[in-house]
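Look for subunit A in each of the two complexes below; its partner is subunit B in the first and subunit C in the second.
Presenting the complex of A and B:
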C-alpha cells in the first residue's frame, strides 16, 4: 500500500460524518438521481449516475461503520477500495460531475449526493487521483494567488485600461470602504469588461467599494479539487484582506463556485464566522435597484433568456434577483423550461473546465442545455458566471447555434441611466 | 476638421456612424493590432470585414469563424495564463465585434472593437512592460478622425 493511497483511505474515513452515514443508510436505490444528471442523460452510461460516483466512499462507510460490513471485512468478504478502483473512479468523480447539485434536489429521501461527491473528492485528491489540470490550478492558487497565474501587475494593467476608458479611478486598497469586490481570474483575463461594468454601476449608485491588492482572487481551487486545507487557506486570505480594509461586505463576482466557496463553505472551512457579510454581485445589484439607487434606461429588444449558474441559483438561492434585474432591461425575456433552482448545468463547473481530459464529456453534457435553448429559441443568452459563459459560447459554437452570450452585470452597466443627461432634459 | 482627444469624444463620434461606417472603422482598429494574433483565421476574417462589397453570407461566415477563433484562443478556466497568447484572443474578440450586426453588441460594434484592440495591447504590455495600450487609443482617435474628415 503506497503512502498516498493510505493517506487517501484515511481521508475517506474522516469524511464519513453523520450526514454521509445517514445518506448511505437511507438511499433507496431508486435511480432518480441518474435522470437529474446531464452526464448520465446525455451519455446513457450507467457508470456516470451520481450515486455510482460516490461508490468508493460508500464502500469505506460500509466496511468501517456498519456491522455487516465489518463482519464481511473480518472474513475477507465484501468489496474493498483499491488503488486501481480509485484510478477508474477518477474520471467519474472529476470529469463527470460539476457539483451542480441537481441530483441532490431530486433525491426523494433528501440525500445531498453533491455533498458526498465533494467529500469523495477529498479522498481522491489525497490518494493522488485528481486531474492534472486541477492540480496545476490549485498549485498556482496557493503559490501565486490565482489558479490562472494572474499576478497583481496584470490586474493593475487591466485597471489602468478601465480607468482610461472611464475617466475615473478604480479604488484599490481603500480602507473603510463598505464593499470589497473580489474578481475571478477568468474575468481579469478573458472578460475585463466586467471590471469596467462594476466600476460604472458603483459610480452610478454611489457605492463605497474597493479591490484588495492582497486578495483579489475570488475562485477557490481547493473546493474544486477537494482539499479542505487548501480551500481554507484561500478563504483565510480573503478574510485577512477584508479585515485589514475594515469592509462591511465582500462581493462575490460573476463566478459560480467562488460564491459557494466564500459564502457557504467559507466560515465552516476556517472554523469561525466572518466579521463581514458576503453577497453575490447580483444580490447587491438587485438591492440597489430596489432602493432606487440603480436606474436604467432603454431595453434590449432581442429575445433574451437567462442561464442560472448552478452554484448561484441552485446551491446559492439567487434566483429571483437576476429576473428582477432582467425585467429592468429586457423587453422580450423568455424563461427556459426548468429555469431557476432546477436549471440544467452548462456542463463545465466544479473544475470540469480546468480538466482538458473532460473536454469531450463536457460538450456532451451541454446537449441538455442545447435542448433547453431549442425550446425557447432566444437570440441572446444571459448569465452571471464567466466559466458558464465560456462553456455556453463553446457549446453554441460546437452545435452551430447563433446565439450571443452576455453577462447580466455588463448589460445592466450598458443600460445605466445617464443622470446628467436626464437632469439636462428636465424642464 | 474633427479632432478627437479623449474617450468621451471618441465614443460620441462613434455613435454617429451608421452600420457600414462602424464596420469600416472597427476593421481599422483590428488591422492595427492584427500582428498580435497568430491565428491566421483572423487575417482572413479581417479581409472580408474590410471588403465593402462582401455579401451578407460571407460576413455571417466570417463572424462564425471569428467566434470560433475566440473560443479556441481564450484561456481556459484554471489553466496557466499566457498574456501574449491572450493578446491574440482580444484581437479575435475585436474581429467578432467588427462583424456583429449593429445593436447586438453592448456599447456598440466599433466601441467594443476599439476596447478589445486596446485590451490586446494591454495584454502584451503585461509581458513587455511597455505602454502600448495608451498609444493604441491615440491611434484609434486618429483613425476615426481620419474617417470623419474624409
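Presenting the complex of A and C:
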C-alpha cells in the first residue's frame, strides 16, 4: 500500500456519494452526536464530537461538489484540506472512534456519521495518516494471514488440543461440508475454548462443518484501517476457500467487525455477490435452537447480563438471537440500560485495540460501559466478540471490578444436553 | 422611492426574485446531492430499505430520549420549529399570500394566539443562541453559517411582530421591511444550513435504509 497526500485527496473525492452529500447538507451543528459517543462523554473534549471527525471529508465535498464551494475555491476562499490538517485529524478518526454507530442512531436530522467516518478512513490511510499499530496489523494480515501473526501451525496445535479433550476430530478442509467456520486470531490465541465449544455444539446438533486451512482468519484489518483494496483481498481469500470447499454457508465467529467485513462489506468490496450465505454464529445457534436441534440442560444461577457488540447488534441486526439463547441457559438474566441497538461500545472496536497509541483513551471510553454495568451489578458479563471480551476484561481489571466475562457460545456449549445420558435415564 | 412604492416593489418584483432564487436554489442543491448517486448494495439484505427509510423519517421527529444538554437542544428545538410552522402557516394574512400563490386556503389561528406564539418563538430563539454560545460542544462546532442562519430566521419573527403592533415606523414601511426580511431568508435558504429543512428527509431516509437493509431499526 503506497500512500501520498494526492492519493489521499483523490480517495476522499471517490468516497463522496449521495448519502454523504445529503448528510453534510443536513447537519445543523446541534452537537447531539457528542452525547452519544463515549469518546466525548468520558473525556469532555469537544473536538471528539463525532461530526468533527469527518471534517476532512466535508471540506472536500464542499469544495468539489457544491456550487458555492467551487465558486469559493475559484476565488481562493473556503477551507482546504492540508497535510497538516490530516496529521491533526489522525487521532480523531482512528483513536477516538470505534465505528460503533451510536451517533448515527441519535442524529436528529438522520445523518449516518459512522458511514462517513468509515469513508474518511479511506482517505486518511491512503494519504499516509493511519496509525502505526493498524498499519502493522494490516501488513501482517496480508503477508502472514492474520493481524496477530497467527500461522496455520498454531491453529493446528490448538485443534489437536481440542481433539484430545473431546475424543473426536475437528473437521479441517472437508469438501462438501455445509458450513465453513471462520475464526478470529484472538480466538485461536486467547480463547481456544471457543473452538472446543463450536465443535461440541455442532457434534450435538449434527451440523456438517469444516475449518479451512487456507482461510481460517475472520478478521479484516482492511476495513478497520480503511483500505478497500486490502479489505477486498482478505475477503477474496475466504471466498476462494468457500468455493473450493463447496460450502453453502460461511460462519462469522464471535467477532464484531469480522461480521461487518464479510456479511455487509464483503460482496461490495469484491464487486460481486457471494454464492454462499454468511451467518453469524449467534444466528446459526438461534436457528438450531428454534429447530429443536440445540437442546440444553440446567441454567446458570449467576446474575448475568449481555454486552451487545456494536457490529453484531447495532450495525448487524443480531439483537434478539442472543437473548433467545440466554433465555435457555440463564436463570437470572438482567438487561443493562440502553441494551440492544443503543448499547454503549466497549471502547476498543474499529481497530482501536490494534492501535497501541489509543490504549489510555480506550480505557477512558470504557468508563461509560462501567457506568452501565454498575446500574445492574452483574456477577458475569456475557458477550459475543473476542475483541470486546479482551477490552471488557482489561477495563474491569483496571477498575477493580469483580465480574467474569463469558462467551455466549461457550456458555451454550457448557449446557448442552447429554443425549446419551438422557437416553439412559429413559425407562 | 416612497414607502408605498417600496412596499409595492417588495410585494411584487422583490417577492418574485426571491421565490425564483429559493426554488431554483433548492432544486440545484437537491440535484447536486442526487447526481452523486450511490452504489448498488451486493450484500444479501436482511430487511427492507424502503420500510427502514420511511420509518426513520418518522421516528427521528419523535426522538424523546435525550438527556442533559441534548434534552435542552431537543426541547428548544421542538418549540421554535413548531413556533415557526404555526406563525408562518396559520396566521390569516399569511394564508392569504399562500392562497394567491397556490390557490388553496386553510383555517387560521386567532391573532392573539399567533401573537403569543411569536413571542414564545422569539424567546426560544434567544435561548437557542445562548445555548450555542455557552455549550462547549455547540460553540466548538459553530461557524459563521450557524449565527447567520439564526439571524435571518429571527428577523422575520421580529419584523412581523413589529409590523403587527405598528411599532416605530409607519405601517407600510413596517410591512415592507417584514416582507423584505422574509425574502432575505428565502434567498439565503438554499445556500446555508437552512437547507436541512428539505435534505433532512433524504438524510433520514438513507440512514433508515442503511439500517433497514441490515435488519436494524434506526
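We take it that the second predicted complex is superposed on the first by the 424 of 427 C-alpha atoms of A that agree within 3 Å, B and C clash if a C-alpha of one lies under 4 Å from a C-alpha of the other, contacts with A are read in each partner's own complex, and residues count from 1 in each chain.
Going forward, contacts are C-beta pairs under 8 Å (C-beta built on N, C-alpha and C of every residue); 3 or more make two chains touch, one makes a residue touch a chain.
Values in this document were obtained by computation on a predicted structure and should not be read as measured data.
Model built by superposing both complexes on subunit A: subunit B and subunit C fit together without a clash. Look at A:149: by the touch rule set out above, it reaches subunit B but stays clear of subunit C. In the superposition on chain A, A:330 makes contact with neither subunit B nor subunit C. Using the contact criterion defined above for the overlaid structures, shared-chain residue A:57 touches neither subunit B nor subunit C, since it reaches no partner.
Residue contacts after overlaying the shared chain place A:394 against subunit B, while subunit C stays out of touching range. When the two structures are aligned on the shared chain, A:170 is found in touch with neither subunit B nor subunit C. By the touch criterion defined above, A:111 lies against subunit C but remains apart from subunit B after alignment on the C-alpha atoms of chain A.
Of the two partner chains, neither subunit B nor subunit C is touched by A:285.
Aligning the two complexes via chain A yields an angle of 150° at the C-alpha centre of subunit A, spanning the centres of subunit B and subunit C, rounded to a multiple of 10. After overlaying the two complexes on the shared chain, residue contacts for A:348 are found with subunit B alone; subunit C is out of touch. For the pair subunit B and subunit C, the model built by superposing on chain A gives 26 Å as the shortest CA-CA distance. No residue of subunit A lies at the contact with subunit B in one complex and also at the contact with subunit C in the other. Per the touch definition, subunit B reaches subunit A in the complex via residues 6-8, 64, 67-68, 70-71, 74-81, 83, 86, 89, 100, 103-104, 106-107, 115, 118-119, 122, 125-126, 133-134, 137.
Remark: subunit C residues 28-29, 32-39, 41-44, 46-47, 56-57, 60, 63, 66-70, 73-74, 77, 135-143, 146, 191, 193, 195-196, 199-200, 202-208, 210-211, 214-218 touch subunit A in the complex. Taken in their complex, subunit A has these residues touching subunit C: 16-23, 25-32, 34-35, 40, 44, 46-47, 49, 51-52, 65-68, 104-112, 115, 263-268, 271-274, 277-278, 313-317, 319, 341. Across the interface of their complex, subunit B is touched by residues 133-134, 136-137, 140, 147-150, 153-154, 157-158, 160-161, 164-165, 167, 185-186, 189-190, 192-193, 221, 224, 301-302, 348, 351, 353-356, 379-380, 386-387, 390, 393-394, 397, 400, 402, 404, 406, 410-411, 414 of subunit A.
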